[in-house]
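For reference, the structure is listed below as structure tokens.
Labels run A, B, C and D following the written order; every chain starts at residue 1.
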Amino acid sequence: MSLVQSLDEALSAITDGIMLVVPREVCGVPMAATRALIRRGVKDLHLVALPTSSMQADMLIGAGCVKTLETSAVSLGELGAAPRFTSAVLKGQVAMKDATCPALHAALQAAEKGVPFMPLRGLIGSDVLKYRDDWKVIDSPFGNSDPIVLLPAINPDVALFHAPLADEYGNVWIGRQRELVTMAHASKRTIVTVEKIEKRNLLDDPLYAAGTLPGFYVDAIAVAENGAWPLPLPDTYKADGEHLALYAKMAASEEGFREYVGKYVLAMQVA
Amino acid sequence: MSLVQSLDEALSAITDGIMLVVPREVCGVPMAATRALIRRGVKDLHLVALPTSSMQADMLIGAGCVKTLETSAVSLGELGAAPRFTSAVLKGQVAMKDATCPALHAALQAAEKGVPFMPLRGLIGSDVLKYRDDWKVIDSPFGNSDPIVLLPAINPDVALFHAPLADEYGNVWIGRQRELVTMAHASKRTIVTVEKIEKRNLLDDPLYAAGTLPGFYVDAIAVAENGAWPLPLPDTYKADGEHLALYAKMAASEEGFREYVGKYVLAMQVA
Amino acid sequence: MTFLPEELLADQIANFIGDVRHVAVGNASPIPATAALLARERGKLQGLGRPYVSLLGSAKNTFWTDGGRELFDCAGQGRIDVFFLSGGQIDGEGNINLVEIGDHAHPKVRFPGSYGSAYLYYVVPKVILFRTEHSRRTLVPRVDFISAAGRSEPNVHRTGGPVALITNRCLFTFADGRFTLVSVHPGHTVEEVIEHTGFDFERPSVVPETPAPTDETLKLMRDKVAPQLATLYPQFTAKVFEHRESALLG
Amino acid sequence: MTFLPEELLADQIANFIGDVRHVAVGNASPIPATAALLARERGKLQGLGRPYVSLLGSAKNTFWTDGGRELFDCAGQGRIDVFFLSGGQIDGEGNINLVEIGDHAHPKVRFPGSYGSAYLYYVVPKVILFRTEHSRRTLVPRVDFISAAGRSEPNVHRTGGPVALITNRCLFTFADGRFTLVSVHPGHTVEEVIEHTGFDFERPSVVPETPAPTDETLKLMRDKVAPQLATLYPQFTAKVFEHRESALLG
């Protein structure tokens, strides 16, 4: 199959129960893909939001796609709490693996480097650590009774994100959003939606190459114009504040969320 | 003092006995700066060549600037062994800390992340590990009698490299050479020579920003046109193969090396 | 000059920032951002060229080019001198809670999560706590969930921690695991602070009033800082610096 | 067709590469580079679209955009299937020495250093050893310095290691900590191999001759591979593929 696929084809590797890693709001959140996953009704995801999420995690949780959520925070920012996330956690409908931002970055870097764990300062004495029985504390062999946390590598099945541009070789321009590179390196498969595909080789241009994830790491690409909407895409477009406010209002209740999904997810054409 | 300085001013923080980290040949080796350091007669450097070096380490060793060398290899590539390096090691004039490439990258990343060590696979059973009493082996707490090497962070006093372009805010365009970013993050001070300084802000342009080391990390910049010569500068100019062959030939003997230094280092104007 | 509470708080925070190299301010923190930019303007006046101010939500006012980890790596390198944190709950030992209220197995309230607090609280030398709702609901005897601990055992590597807590009513400093009441804002009283604080704290026999910002400071904030804030915090800037008539404090 | 020894070796190496996703070739390795590109051309003929070939010295033929660590991270991720290493010394247990000859405190000979071998040898599934000088100086009973060990204890995490050693005289495979002689190149003999090898090795009672490259393979190398090599290895390409008349092998 060609690297460039329809959105639904590209997402076919995101099957029930896998570990999926997605980026924070400022990095290019794959919202068109998120709607397509909800339409398909993917279930039991172990969602890793690196290191936080907003509307994307809230929608996936509200639509019942998420079994386990591993992140440092979910919030709609100035629009307040993420309502479906909050409700699901309080009802015990989603298993929380609360983390802290640098721990998620470090655990993905461990996978990127092929090591079983990464050390991290901080955390000692926090309940974030207390409730993570997968994190270990050792005496640093370079210290003197100096405890340090070791975080096991996070090896996601799939990394999914949205970017401004890809070329016909699967190279994806990610600019300054370098956690997208780490996500791709750390994951077994990488699926990218993009605003557009150009007939060129991004790696031939030193200016573009500096901000490019090589196609070697990319398993599928789908074009999804305005694919981060209503969230922003860095250096490309801003958030649709009005629509986000509408979401915050409708998602405040279970019924309102269903109505939102009916209107803006299920009824929408695939990009 | 202004960030942009004369070459000798910029290098003034490289004092006798410090730990200095420099990049491999394809990344922008600061050769004009190296000649200036030899002219000044810096001594007792702990030189970390990330992860290998060629003519730069050979010259610094030949000129008696280096007390300890930490690297994975020094060679003149197709031109053969690095003669001053080889001679100094065999005569015991330089203390070797033999490493392997990914260990140096990882140890710099440990410093970048502010952690005391980084784990690394491989190495077990090698004499590289055997002769590094600063490296430790632990049973991975995530394994089952699974030994893994822990490398202590390398925190250099100064990172020194050459780059194509800086702006008036000290932002330096490094393109794909991202180990330069890690070097700067890991080091107490960063000194950069550049081909040119432009009146603009590289961070304002998303294309440039993706390959830019922010000026926040940079302590001094000096303009040194052709500053990697006779080594190459990526995306800018190639190696001067003829001069490199001349160096290899002259540096083959102690006397020839002295003659080379007299002619091409001491007699040269500061760039 | 007359001033608003926000200006009083920003002035106090700027004093705590002091002469440092780098102040980073998280998202949705307009008053700390005002304070950081005020500190920068003061540094300019003294010809210091510092502090460097990173406003995390602002592309214009951050230098990050190494992805989301750079903020944390930068802090780990010791290159962030001041940061700001808040908490759904804050207790008398300086512990902060950004996760939940109630029993962990069945929480009654869920907050967004700990963000970077469980790390930054430990490695940024001056963390200034900030909570504009000063009540027994927020300032509690013991947090229900420790997102980040106020202090650590002596053998724990720790280069950072809380130095102060500023609220809508008063200013505390923090040292040796305890808060000390330093001053009470104009229009508030020590008794009121005691009544609305869920934890014990030290206080001198006479607690001074938080000093009003000087005219020079107010001018700096209004003339120099406000225009820099407007893009990132348009509503805050409009309310505090543009339509002041509606909310003046004597 | 007539062929050169380089073509024979490249053909054999390409066979060892097999059907994999990614072959990486270090600097100054023209014969392995020829083999990798040959494997890629064979993959194209079969419509496989693999292997992906990274030639480390070549900007055109590498995709790295994450700095010098990316090669090693990529290997650690299990994304490099084949790599090539050599050694100043190689011993019968597959240990390689890229550091020194003699006593460690007072070495008699110093090589450049271990490069990435002390890592890649452990994590790349198929490491093909390559040494064109087949002598008792290079193939020794025991290396003086182990840059990377040929095998590890069972509890050591190891996903890679040597699978073969190709020299100017013959081809060995490597398994269970021992080399086995597989074939002897045309013009060489088993006796000669024994005489010039410093370590013991397994061998079948009859050792076949290394098969000559087929005409199809030679055409692929000369017509498709040689033009791709010319930029990176101009001297090698000229010698092997352009001015063949001077050095033909029957």
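The rule we apply is simple: a residue touches a chain if its C-beta (ideal position, glycine included) is under 8 Å from a C-beta of that chain, and two chains touch if they have at least 3 such contacts.
Just so it is clear, the structure is predicted and the values come from calculations on it, not from any experiment.
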Euclidean distance of C-alpha centroids - subunit B vs subunit D, Å: 29
For subunit C paired with subunit D, centre-to-centre distance based on mean C-alpha positions, whole Å: 60
Computed distance of Cα centres, subunit C from subunit B, in Å: 40
Residues within subunit D bordering two or more other chains: 64-66, 69, 72-73, 76, 123
Per-residue multi-chain contacts in subunit B, two or more chains: 106, 109, 113-115, 120-121, 143, 146, 148, 176, 181, 209-210, 234
Topology of the chain contact graph, where touching chains are joined (line, ring, star, complete, other): other
Which pairs of chains touch, using the document's own definition: A-B, A-C, A-D, B-C, B-D
Contact footprint of subunit D on subunit A as seen in their complex: 111-115, 171, 181, 185-186, 203, 209-210, 212-217
Contact set on subunit D toward subunit B in their complex: 27-28, 59, 64-69, 72-73, 76, 98-100, 104, 106-123, 145-149, 152-153, 155-157
Interfacial residue positions of subunit C with respect to subunit B in the complex: 22, 52, 63-66, 69, 72-79, 123
Residue ranges of subunit B in contact with subunit A within the complex: 106, 109, 113-121, 136, 138, 140-143, 146, 148, 150, 152, 174-176, 206-211, 234-235
Residues of subunit B defined as touching subunit D within the complex: 23-24, 27, 50-52, 71-75, 77-78, 81-82, 85-86, 89-90, 92, 98-103, 105-106, 109, 120-131, 143-148, 176-182, 234
